[in-house]
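The same chain A turns up in both complexes below, where it pairs with chain B and then with chain C.
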Partner chain A sequence: MKHICVVFRHAPFGATSSREGIDFALLSASFEQQLCLVFTDEAVLHLLADQQPELAGSKDYVSVFKAFDLYDIEHVLVCETSLQRFGLTLEDLAISAQLASSTVITEQLQQADEVLVF
Partner chain B sequence: MILHHVQTSALNDNALAVCLRFCAPQDSIVLSSDAVIALLDQQWLNKLKPFNIMALADDVAARGLTEKHLAASSIAINLISMNEFVAQSLTHQKVITW
Partner chain C sequence: MMKKFIIQVNGPAYGSTSSYKALQYCQAVIAAGHQIEKVFFYQDGVTNSSSLNCPASDEVNLYQLWLRLANEHNVPLINCVSAALRRGVLSQQDAYESNKAHWNVDAPFVMGGLGELVTGIEQADRFVSF
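Showing the complex of A and B:
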């Protein structure tokens, strides 16, 4: 079993890379890999509640985030610097996530067996 | 000890900025293709200074950048070949491509 860390740094809707990252994370979790997801920069917007993806012509993959604990993905880290930069707090998010400072995320990246960035 | 790999220009993609945010002191950074452009920008050079910085020699030469251009930088940049890049990826614990 590997400890895989998936980092998201792109905004929702703009690019498809985030969607691929989410699929990769869910697939890895279903193969009993230990997952840690990190949302940083504009990717923190993925977790905002009350999104209406259809208005942007995008399929609703935001609801997939609610399935994280179904896949026992417990470690969902949100970059504290990025949240503050956009004036957001944990209460604005659709799912429960752990507020993480840059040093905490750096430590996660050091410990992980593999890190992939989407 | 992680080898961070950045291949997009810092002027139109946040990869280098995010990499630097999560880069530990003992880590190395290798710049390839458009990412080497950051080596001409003093603001980025200042941020790169604390780390072991490498760049793919071919990508630097391809863009007509020479020792003269890089000499202006205040930090040591070792230009490496593709083989050396492979070797570096083996000596580090893992590679993160941002």
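Showing the complex of A and C:
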């Protein structure tokens, strides 16, 4: 088992990298790796409620986020600075996530065996 | 001391230089006496495996360079099959199953699942992503 940190940096639906990153994260979790997900920059927008990915011709991979618990993905960090930049708070998010300062995110990256950025 | 590497290629065969850098990195890893456990192609990286890529004869042929790496150093080249199918990158078996008349992936490139990336990361000493 390895400690894998998956970092999301892109806005939803403009590119497909997040969708394929989520696929990787869920697969890693089902292979019983220790996972930490970090949403930063525009990727924090993935976590907003009431999204309609179909309107952008995208598969609804966002609703999968509610299943993170089922996959035993406990560590979901949201970059505090990025949220503030969009005028958002944790209450705006559709899933429960941990507000993280850049220091906390740095610690997670240092603790991880491998880091993947999508 | 020899280390085992797994390399992930996410960039396209043409349009960005990341795949070429990945290839050069693999060559450097081998030259330094280390081992490449596998090269895993994900996202747009799967386009590296298309035998239909036809760059002009005076340009770099990345497809041929991957083939040479695989043949000379016995490096497994593995596509994420889901990422590949979405992008029109199919093996003969995929073409048969999807009822298509054509395919563009042949050995030494093979189709595999994301699980092979995860187990590869687990077994390798170093994971490097391009």
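The definition used in the following text is that the second predicted complex is superposed on the first by the 118 of 118 C-alpha atoms of A that agree within 3 Å, B and C clash if a C-alpha of one lies under 4 Å from a C-alpha of the other, contacts with A are read in each partner's own complex, and residues count from 1 in each chain.
Everything below uses one rule, namely that a contact is a pair of C-beta atoms (placed from the backbone, for glycine too) under 8 Å apart; a residue touches a chain by one contact, two chains touch by 3 or more.
In this text the structure is predicted, and so the values were computed from the model without any measurement.
Participant: Following the overlay on chain A, give me a clash-or-fit verdict for chain B and chain C.
Facilitator: Once chain A is superposed (C-alpha atoms), there is room for both chain B and chain C without a clash.
Participant: Tell me the contact category for A:Ser17 with respect to chain B and chain C: first, second, both or neither.
Facilitator: second
Participant: In the superposed arrangement, which partner chain does A:Lys2 touch: chain B (first), chain C (second), both, or neither?
Facilitator: second
Participant: For the overlay on chain A, what angle lies at chain A between chain B and chain C, C-alpha centres, nearest 10°?
Facilitator: 60
Participant: Where does A:Leu27 make contact in the superposed view: on chain B (first), on chain C (second), on both, or on neither?
Facilitator: A:Leu27: touches chain C, not chain B.
Participant: After the superposition on A, what does A:Ser58 contact: first (chain B), second (chain C), both or neither?
Facilitator: Neither partner.
Participant: Taking the superposition as given, does A:Glu114 touch the first partner, chain B, the second, chain C, both, or neither?
Facilitator: After superposition on chain A, A:Glu114 lies in contact with both partners, chain B and chain C.
Participant: Quote the smallest CA-to-CA distance from chain B to chain C in the superposed model, rounded to whole Å.
Facilitator: Once the two complexes are overlaid, chain B and chain C approach no closer than 6 Å between C-alpha atoms.
Participant: Identify the residues of chain A that lie in both the chain B contact region and the chain C contact region.
Facilitator: The answer is residues 114, 117 of chain A.
Participant: Using the touch rule from the top, collect the residues of chain A that touch chain B in their complex.
Facilitator: Residues 7, 9, 40-41, 81, 102, 105-106, 109-110, 112-115, 117 of chain A touch chain B in their complex.
Participant: Would you tell me which residues of chain A are touching chain C in their complex?
Facilitator: By the definition above, chain A touches chain C via 1-2, 4, 16-17, 20, 23-24, 27-28, 31, 33, 114, 116-117.
Participant: What does chain C use to touch chain A in their complex?
Facilitator: The touching residues are 8, 10, 42-43, 82-83, 113-115, 117-119, 121-122, 127, 129.
Participant: For chain B, which residues count as touching chain A in their complex?
Facilitator: By the definition above, chain B touches chain A via 2, 14-15, 17-18, 21-24, 94, 96-98.
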